[in-house]
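Shared chain: chain A. Partners: chain B in the first complex, chain C in the second.
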Partner chain A sequence: MSEIATKSPPEAPERAPSPKPRRDALWWVRKALWLVVLLVALALPLYLEAEWLKAGQYMMVGAVGAIGLTLLTGQAGQLSLAHAFFLLAGATAYTVLSGPTGDPELLGFGLDPLLALLGAVAISAVLGLAFAPVAGRLRGIYLGVASLSLVFLGLYFGQAAENLTGGTSTGRPPAEFSLFGFPFSNEGDLEILGVPIRETERVWYLFLALTVIAFLLARGAVGGRVGRAWRAVRDNEPAAAVMGVSVWRAKAGAFAVSSAYAGLAGVMTVLWFDLLKPDESEFGTYGINVSIAYLAMIIIGGLGSVPGALVGALLVNGLPQVLALYSTELGWSTGTGEHAFTPILISSFVYGAAIILVVLFEPGGLAAIGRRIAGRLSGKQRERNGS
Partner chain B sequence: MTVPELSVRDVTLRFGGLYALDDVSLTVEPGSLHALIGPNGAGKSSCFNVISGLYRANEGTVTFGDHDLTRTRPHRLARMGIGRSFQNAALSPHSTVLDNVMLGRFALTHGGFLSCGLRLPWTRREERKHAERAAEICDFLGIGAELHAPVGSLPYGAVKRVDLARALAVEPSLLLLDEPAAGTNAAETAELASTIHDIRDELGISILLVEHDMGLVMGIADRVTVLDFGRVIADGPPADVQADPEVVRAYLGSENAEAG
Partner chain C sequence: MKRILALACASALALAACGTKGGGSEETGEGAGGVQAGVGVTDSDITLGVMTDQTGPFKNLSTGITHGNELWVKDVNASGGVCGRDVKLEIVDHGYKADTAKTLYPQIEPKVAGFVQVVGSPIMAALSSDLESDEATVTPASWSSELLGNPYVMVVGTTYDVEMIDGLSYLQEQGKIKDGDTVGHIYIDGEYGANGLRGSRYYAEQHNLNLREVKITSSDTDLTNIVTGFKGAGVKAILLTTTPTQTGSVAAANEALGLNVPILGNNPTFDPLLHDSPAAGALDKLYVVASSVPFSADIPKMKEVAGKYEKAGYSEPPNAGVPYGYAVAEVWGAVLRKACENKDLTRAGIHKALQETTSADTGDLVAKLDFSQPGAPATRQVYVAQPDASVPGGMKYVKPLFESPEAKEYQAPHQGG
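Let's look at the complex of A and B:
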């Protein structure tokens, strides 16, 4: 008894263990790897053809959306199939806010594109918050099914609100993005190392910046007080509440944040297509298939892992793009007939199989595989201490 | 720090026709180590859940100083200075020890998605300060070497200590401990008993301790309340309670049943 008594408690220990994560070799390797990834991403427009850049941009759209969903489903434990709806919400909000005023058929507010982007993100967050009362009452598969209804709501809205979306037949072009007067178009002569930086390259850098911001914000939140509250709610609601977390607020917050991410991905989607076009059926740009694709990304990447979501998005959104590029190169038919093996169909099979493999053999997804490799590299000592 | 009194008054809690708590009253005097004991299913955890606002009492009130806890939502309790551990530990197994204990600092810290996401200087400073405190608490409880280990990788005795550390991290003036020694061996139990006693002495807080093990409780408690089938069958200093024939009967009865 006396040994413990002399070890002075709470007040002032002489040598408390360090709460800081160790900055060992592995830590530096990790930082260096991220730096390399970033540098490569910055250099790619100087080397890649426009269509490959387009494919890369689409992967970044997926990355932003997937990071949002992994926060909600992986960190806060709320299954959502509504992601595609919030993509549509962001896409529409951006197009309307930045659209020209005075068009008799189409509503537009003529806002600066940056303001319109921020506004679209905010509107998506508010819509997510509006769904929070439902999210607070349901869980698991019930929440998933309830959230799916939003996708159908979106389908109806996209077709009915023609003065916002332009309708299914023609759609509506979004305002071209510009940042403090700098246009993300072919306007003006801009060169880096003799390579002209035109619309595709500029949009690549815009998307890269948005992805990096989305990534860093999510990492910060996951590592901090907010992420801790989300995980607590996911793992044990009563314990979370007793520790001071308002379960309802934490869930609503996660929904708002995730919807904001989806909204941003929606803005990126219209900028990528250069068109806002509502779907004609429940499958399309903002359909059920998209909600499921986002779930696939975060499951393959490892639920709750932000880097995992990023990699999952590169695979799931990248594969159809890359296949499409190769199919023209290899002279495949990209036919649209009923039985055509389209790149989208093939990649659906591939990521369907990937999900089954992950669920069967590594429920922690790519993130867990990455952790295991890191553990091997740094030897047993670290494995014992965890990472 | 002035420690308020916890008062449970005539609390009845029903699950359908089952009386989990039947007209239960008890008072935890400021700064005392109060034990709540009783056989399996006596209603001890239910009593904790009523106090922490997780269950709503059908009748009766619970007050903590001036606060009426029966009208308080559970997440407000940490801010009033009530910390609690759980019979089943209720931790996040994939998160590290430090991360789990830091959850106890939730009510003492600030910052939402943007300030955490942007890693604003004040958020980081606050996080660092509180992490140091959490590490101190872990060190005090003998789990300081495991700060960065996932809770799921620890032996059960250590897991229970993480839960205790998290409850202490709230900086409570009242600590509710639900079977902190459950599933730990005899040596660990004795050490834990003395740790709990030290916490009370050094921090001057009140502790309400649920324990199965009569021996552990009798050595350290100032006062003991005994529940059986949701009713209080004895309440007093350990020596009196131990001699109470009804307590002996309840305990012997259940012990025989367990042995058989």
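Let's look at the complex of A and C:
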């Protein structure tokens, strides 16, 4: 999937958007390539088996979360390790809002799943806003450590608030998603080109739609006034204030937006697992490891780059899954002993190495590589046009 | 640029030409010997799934269980297999990551008749609804009675809550605690700890014990302050649903502070490695309750399995996972034979055979098992053992298999009726 990075490079976030968008050949090629990517993504459920779709869905969960974090950390310059907490907040909010009413042990509001999804995103955003006073005072590693405390808070509340989360020992199943009465489950017969469209395929399209919306909104924010304010605050707060940007509002806004994205990723996580289960320790579905995985995604993809976050999510969330699936399919590493070299082991090495290589040789991430290739191509084209 | 565009279009077309996938077809039909065959069963093979942890935090125990499974498969195939078919294992590693397991499941599920091993409570929780809708019988490597809410779950051995009840009843029988005493229970938050706590709460209610509960996380290592608190509260016994490291810390503090009360632990609280730890000298007060035997148990069947393990030439030191894995597979063998008698090796047939299994015998590797009551533990019998560095495996028995009257009365969370 690296062609996303190489063939359709992102606009440099540092570059202010030109008043009149360039509509040269390259612009059209970019748009066409995005269209091709989208068409391929739309067609995949017709060809791929359930396990590959499941892996793909997990990449999309990562993509939505990573886009949120790259806006906050890359664009607005605020290091956050609290992403996993907002994931848990969104996941819990969705499950509670859409949960059945009248259960003596579990709180539920019986809302329509779509409303519950929007509510979960809103609640996450509000929680992010509530953290804004802290985010407004701290920066850099201090903010990172302060935000880390939220992950521990989440760990505690997940365990303590059993009537919301279902508790660590059993968890709690979320309501199946449905859109205006159309269920995202195995119910009903639906076929496209002779392929039965069942739960996995339906959820694929749901996740794809959510990812596309998240992507377009983020691109819009980065290219617009909001994004300029974020970058101004990131680069120099006094200068931004002089230019009329409210530093406090820009910072709080970035945190709220990023939390909303994480909340959406949380909703997608429970829909993907068919289960909300708070973690038993700091490592789990909503633990420190997840916060760090999201940081890894945006670093590999290139801080601040929205398409880069997509590619980072493909690598970090996708690689372990794809390697595990491939190696089982091909019958690699069937050893069972202590020294068995399993795909899980390989994938942790690969993504560790990817981070080190990126930080050492291309701190701008895959996005910078993509930009360079695009620059070279457009340079060639200009030569050709000139001659 | 046009070339790239053309290339992209061409690859899209190539993809389109790959042909569409077929729907999920579940072939069932009359196979060899007039037996109805289902998913994972052919005329020559029965394939069972193993979703294990070879790279994560539980790789030692999981590897032991997998080797136990493999030893049994070797034995059963050498003696002609089950139902005229060879048993095969399909092994995948999920590294104790629920997300990886969730993706691997749809890949392995269409190939297997059931799961002889699924390691990890987060993984089991994530897969439970899938297993139920696919009607796949599964043996989790966990002993929580909460799991029994899924009718397709087969827990080989008793559950943590019943272990606690039997253990407390043993302490009372020995005169170490009496009605109205104060006892402390340290447990790890999560499926494991919560289930152990359920047992001690039940017993405390029956015998009017004053139970002091302390919740910890699995990463805590020094529990001295908790034991100090217990001393102040005047506890007569300490109950543990913890990791072996934490057991060591409690045992050491129990001695160092001069508290010297008996310590009662669930099956997973003890590891032979504790004999090499700084707490080695303080383990004499520890009692461990379990329904499966340690590797060095003085039981003919265990000696046989231990001999086979040695011959198989595995490089890892054996642990309690090996006999457990062997016993689980043996129970699976009994269930499959039953299904074969019923001429139905479909998943539904296997599940039916499981419910008809009322006395699965594993040569005392695990107490006799009765799966006919949905939601109830398959046995309520346990052994009580004490650490003893002088015997291989580090544990000696102080009480053979027994069932306390309290455990008999106990209502498991998903028990019907």
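As a convention for this text, the second predicted complex is superposed on the first by the 343 of 387 C-alpha atoms of A that agree within 3 Å, B and C clash if a C-alpha of one lies under 4 Å from a C-alpha of the other, contacts with A are read in each partner's own complex, and residues count from 1 in each chain.
In this section, a residue touches a chain if its C-beta (ideal position, glycine included) is under 8 Å from a C-beta of that chain, and two chains touch if they have at least 3 such contacts.
Note that this is a predicted model, so its numbers are computed, not measured.
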Partner chain in contact with A:187 - chain B first, chain C second, else both or neither: neither
Touching partner for A:43 - first (chain B), second (chain C), both, neither: second
Which superposed partner A:345 touches (first chain B, second chain C, both, neither): second
Which of chain B and chain C A:24 touches, first, second, both or neither: neither
Touching partner for A:225 - first (chain B), second (chain C), both, neither: first
Chain B versus chain C, judged by how many residues of chain A each one touches: C
Chain B versus chain C as contact partner of A:103, first or second or both or neither: neither
Overlap of chain C and chain B interfaces on chain A (superposed complexes): 7
Chain B residues within the chain A interface of the complex: 49, 52-54, 73-79, 84, 86, 90-93, 95-96, 98-99, 102-104, 106-107, 109-114, 116-119, 123, 127-128, 131-140, 144-150, 153, 166, 168, 170, 191, 194-195, 197-199, 201-203
Complex contact set, residues of chain A against chain B: 1, 4-5, 7-11, 13, 16-22, 216-221, 223-229, 231-232, 234-236, 238-247, 253, 257, 384-387
Partner chain C, residues of chain A touching it in the complex: 3, 7, 25-26, 29, 32-33, 36, 39-40, 43, 46-51, 54-55, 58, 159, 167-171, 173, 193-196, 198, 200, 272-275, 277, 279-282, 284-285, 317, 320-321, 324-325, 328-329, 334, 336-340, 342-345, 377, 381
Chain A-touching residues of chain C, taken from the complex the two chains share: 1, 4-5, 8-9, 12, 15-16, 18-21, 23-24, 52, 54-56, 59, 63, 66-67, 70, 91-95, 97-100, 102-108, 121-122, 125-126, 128-130, 144, 146, 149, 188-191, 194-195, 217-219, 314-316
